[in-house]
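The following pair of complexes shares a single chain, chain A, combined with chain B in the former and chain C in the latter.
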Partner chain A sequence: MALLEVENLQVSFDTASGRILALNGVSFSLERGEVLALLGESGSGKSVTAAAIMDLVPNPPGAIDRGSIRFHGAELLQLSRNERRDLCGNRIALIFQDALAALNPVYSVGWQIAEMYRIHGRNPEGGVEKAVIDLLKAIGIPDPERRARQYPHEFSGGMRQRIMIAMAVAVGPDVIIADEPTTALDVTIQAQVVDLLATIRKRSNAGMIFITHDLGVVAELADRVAVMYAGRIVETANVFELFEDARHPYSVGLLASQPRVDTDEDELVPIPGSAPNPVALPSGCAFRTRCPRAEGLCAEVIPPLETVGPGRQAACHFPVSPA
Partner chain B sequence: MTDRSTEFLPAREHRSRRILWLARALAGDPMAVAAAIWLLIVVLAILTDAMSLLGDNRISLKARNLPPFDFGQPWTLWLGADALGRPLLVRLVQAASTTIGIALVTVLTSLIGGTLLGVVAGYFGGIIGNVIMRICDIILGFPTLLVALFGLYLFGPSVGNLVIVLAVTRMPAYIRVARAETLEVRERLFVDAARVFGGGSTWILRTHILPSVAPTMLTLASVNLAMVMLFESGLSYLGLGIQPPSVSWGLMVAQGQGYLSSAWWLGFFPGLAIMFTTMSFNLLANWFRIVNDPSQHWRLLSRRR
Partner chain C sequence: MSFTYFLKRAAFAALALAALMTSAFFLVRLTGDPVNLYLPVDASDAAREAMRVRLGLDRSLLAQFFDWAWDMLSLDFGISLWHNRPAMDVVLEALPNTLALGAIALVLAFIAAIGMGSIAAVNSGGWIDRGVNVLSQAAASVPDFWLGLMGVLLFAVTFRILPTSGFGGPIYWVLPVACLFARPFGTLVQIVRGSMIEALNATFVRTARAKGARDGRVTFVHALRNALLPAVTVTGDLAAQFAGGGGVVEVVFGFPGIGKLLIDGILKRDFAIVQASIFAVAVVIFFINILVDMLYASIDPRVRVE
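Moving on, here comes the complex of A and B:
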């Protein structure tokens, strides 16, 4: 049984210009010790997926219309609010993108990490205070005894993100969802945070969902990648397979629009056009208006996610043939 | 389990050093020091009155409307005397306990009640929130003075009733501000984070919402203190507030009104006392807000200002 299974998840939002489908039948599964990257541009539904798992979809205007989210085989969407909350933070943790806003400015960071143990009634060996200091040491905060007593505004952006990560992993969750944890950081700090996440994953054997639009970070950390476009998963593949031979034209376009050191292309090729307006998605395949391979069929039938190789799927009528 | 209230407090805020640290923070704000000194004087005045240290409050027709600053007189008469020849200084001291007592109890009642109701209305919304807010609207729909007059006429003018009437008529302002603040804080990411990390509603309200709302509410309360003192004087003027021979600063101002052209000191000194007291509360509330904001309190502690 998979650790976390999401099946046919559909989430919609009421907006002034009509009902929009933020997620339109998203399915994936996550195993223990695995890092799954959700890759896609803004508005593709990456963060909504995280919000749906964490019960953070604001209702109204948002609603989970159908689908299922199973954790250790148990259906999350049928749990009561309180049961769900007990799971959150305890077994499933979320790392926010904006660590400064996610930390309360009036409490010291040590207090806030300790909050995790208190909320979940954990009583770590040697006391909460010692556990927090050890944790800070483990995530590479120098002088943890002193730093634990300082406030969020007294830390640099990278350190705040580490503290955010420390809070998320404090009570040893089974699933860690990282919602663009490196986006707000500069490149050198990004690398440190990615390293930290890799270490945590190795040590705790937790499953990790890593939400990002940064292919470099994906290559470094992920085992498997799910590429999202307009509320759907358009391709899932092992990270090496995706970089070596992507099947969906959108994945190919994404890869071509990023500079890479392992090839000697002279020019970056952007994907033409812009992400479709979610109020009025193109008929058929949502990507067809920007797709170089689109044909008549694409406007009529939405391509289903089909197996195109061992352990990989793509949703395209005319997938790019294997290299 | 370790005491959660001292866990990971900055070293300077540990209980043993807390008072010293607060003293240093107070010294960083001269206006707050002045305010604290004035409030100390008021407290001393209340204590002297409580221990009846100032006995000389007899009516003396010879000293009727005696002007102030006549240092040939006994010291109790240095601020002059009222229309019945009672020394003004003694009257001021006697009025302090009534005035401060009524104002503090009223403001604390409406502060605590209003904050709780407003936070609940803002955080949960829905039916509870609507009921609370509509009751506020009803109270606000009537002129405050009319509600107060009606209440005091019905239940009789006593200090207890006065406090209740003042607290109830003031409460909608607190509820509205607390609700608005809560609506804003509720959407902040750290509240979402607390929810994601598994915190229940009570936990979130207590540790995240209330501390963020409190500074605004305290500032509002310190402003309201002056309004309550003046409102009490208005009701006393209409004969429904403090009943003579009890006395309050507001009542003294009201009584001095008739003598404004011939004996200005009758209204001036109690008015000054009201002004100093409310200003002191304002300044201390501001100081308190800065002390409790970790990203601001360097302003009080830094040596180079």
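Moving on, here comes the complex of A and C:
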């Protein structure tokens, strides 16, 4: 049994300009000890996927229309509001992109980390205070006793993100979802945060969903990749297969559009066109308006996510042939 | 707040107070001559002149001003014409009544507004929110003299369960407090609702949910403290207004506070009472502002910079 299984998840938002299908049948699974990268352009539905798992989809305007989210085989969408809350933080944790906005400005960082233990009734050995200090020490915050009493605005961006991560993993969750944790940071600090996540991943047996649009980070951290486009998973593959032998035309385009360390190719080819209007997605395959391989069928039938090799899937009528 | 910061503020406040008292000195003298008011219409010119001399009103305005300025510096506010004892003594008897009245009304309004505003924000757009909106709009806009008169008519005249006016046990406080409560309550509900909606949509509230905090904790621990500053600002402004007396409310209910004293003082050309009242109220407002600043800093650490 997979640790976390998302199946055919559909989430929509009612907006002034119409109904947005933010997730249109998302399916993927996560195993223990695995890092799954959720890769896609801005607006493809990555954050909404995380929100659905955490019961954070704002309702209204959003609603989970159908689908299933199973954690250790148990259906989350059937649990009560408070049962979901009890799982959050405790068993499934979320790390936000912008730690300055995500930490509460009026409570000290020590208080905010300690709250994680208090909410879930945990009594770490030596007490909560000590656990907080140890945690701050472990993520490389100097003078942790003093720093614990300080407020988010008194820390640098990199430190805040490390505090955010420390808080999320404080009580040892089984699933860690990191939503673009490095996007708001500059490059050197990004590397530190990725290192911290890699360390956590090595030490714990948790499964991690790493949300990003940055191929470089994917290569560094992920075992497997799920590529998202317009609210659907269009390809899943292990990280080597994806980089060497992508099957979905969108994945191929994405790889060609971003700089890579593993090839000498330095000519970047952007994907033509722009992300589709979420209120009026193209019929059939949502990528067809930008796809060099599109044919008549693509406008009529939505390509299902099908197995295209051992452990890998693609949602395309005319996938790119194996290299 | 450091001590030097406090001294700096006190110095500024003293300057402002000097300007205020100076303008009060001239303004009260514009309201007219007390002699005409206190002596019978048929009093002789000699009697009038004698009273002017006794009050020092016969000398030039400038000479009066310097005398007065010296008295002010030595905190001597003179004798009340009407009460015939030191003006500051009279003021210090009325001031605590006003402060207690204002404080009770404001604290109750603040607490009730936090509760109602938060509930409205949590249910924003729903029928509870709409109900709270109507109620608070009404409370914020109803004139307090109307509320006072209606209160007297209903509870004192019709039901006879509350006294119409006067002063004494707790029962005399009910109607004045209720009248002073309405406007701050209505205003604060609207403010708390607005800032709570903003706070509830902030990313840190999503973090709190992601951490597993349940609704009550999210609303009252995470969002509320962030939403409190605007409410504290407005409460501070209202407190400063109330320090000058419950105005109409004190008059309607014959409540012996500083507002009533001040109005009577003006009507009776009791210069000493007017000046002593203004001075006392200004000092109270200074301390209210200090208190608001301290509250600010204790609520939001980002304000703790100098």
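One rule holds in what follows: the second predicted complex is superposed on the first by the 322 of 323 C-alpha atoms of A that agree within 3 Å, B and C clash if a C-alpha of one lies under 4 Å from a C-alpha of the other, contacts with A are read in each partner's own complex, and residues count from 1 in each chain.
Basically, a residue touches a chain if its C-beta (ideal position, glycine included) is under 8 Å from a C-beta of that chain, and two chains touch if they have at least 3 such contacts.
Note that the structure is predicted; figures quoted are calculated from it, not measured.
The superposed arrangement places chain B and chain C in clashing positions on chain A.
Contact with neither chain B nor chain C is seen for A:Leu77 once the two complexes are overlaid on the shared chain. When the two complexes are overlaid on their common chain A, residue A:Ala93 makes contact with chain B and with chain C alike. Once the two complexes are overlaid on the shared chain, A:Arg149 sits against chain B while remaining clear of chain C. Shared-chain residue A:Val106: touches chain B and chain C both.
When chain B and chain C are set side by side, the one touching more residues of chain A is B.
Counting contacts as defined above, chain A residues 54, 56, 82, 85-90, 93-94, 96, 98, 101-108, 115-116, 119-120, 151, 153, 167-168 meet chain B in one complex and chain C in the other.
Chain A contributes residues 54-56, 81-82, 85-90, 93-94, 96, 98, 101-108, 115-116, 119-120, 151, 153, 167-168 to its touches with chain C in the complex. Contact residues on chain C toward chain A in their complex (touch as defined above): 202-204, 206-215, 217, 222, 225-226, 299-302. Contact residues on chain B toward chain A in their complex (touch as defined above): 1-2, 4, 7-11, 188-190, 192-200, 203, 207-208, 211-212, 292-295. Those residues of chain A lying in contact with chain B across their complex are 54, 56, 82, 85-90, 93-94, 96, 98, 101-111, 114-116, 118-120, 123, 127-129, 132, 148-151, 153, 167-168.
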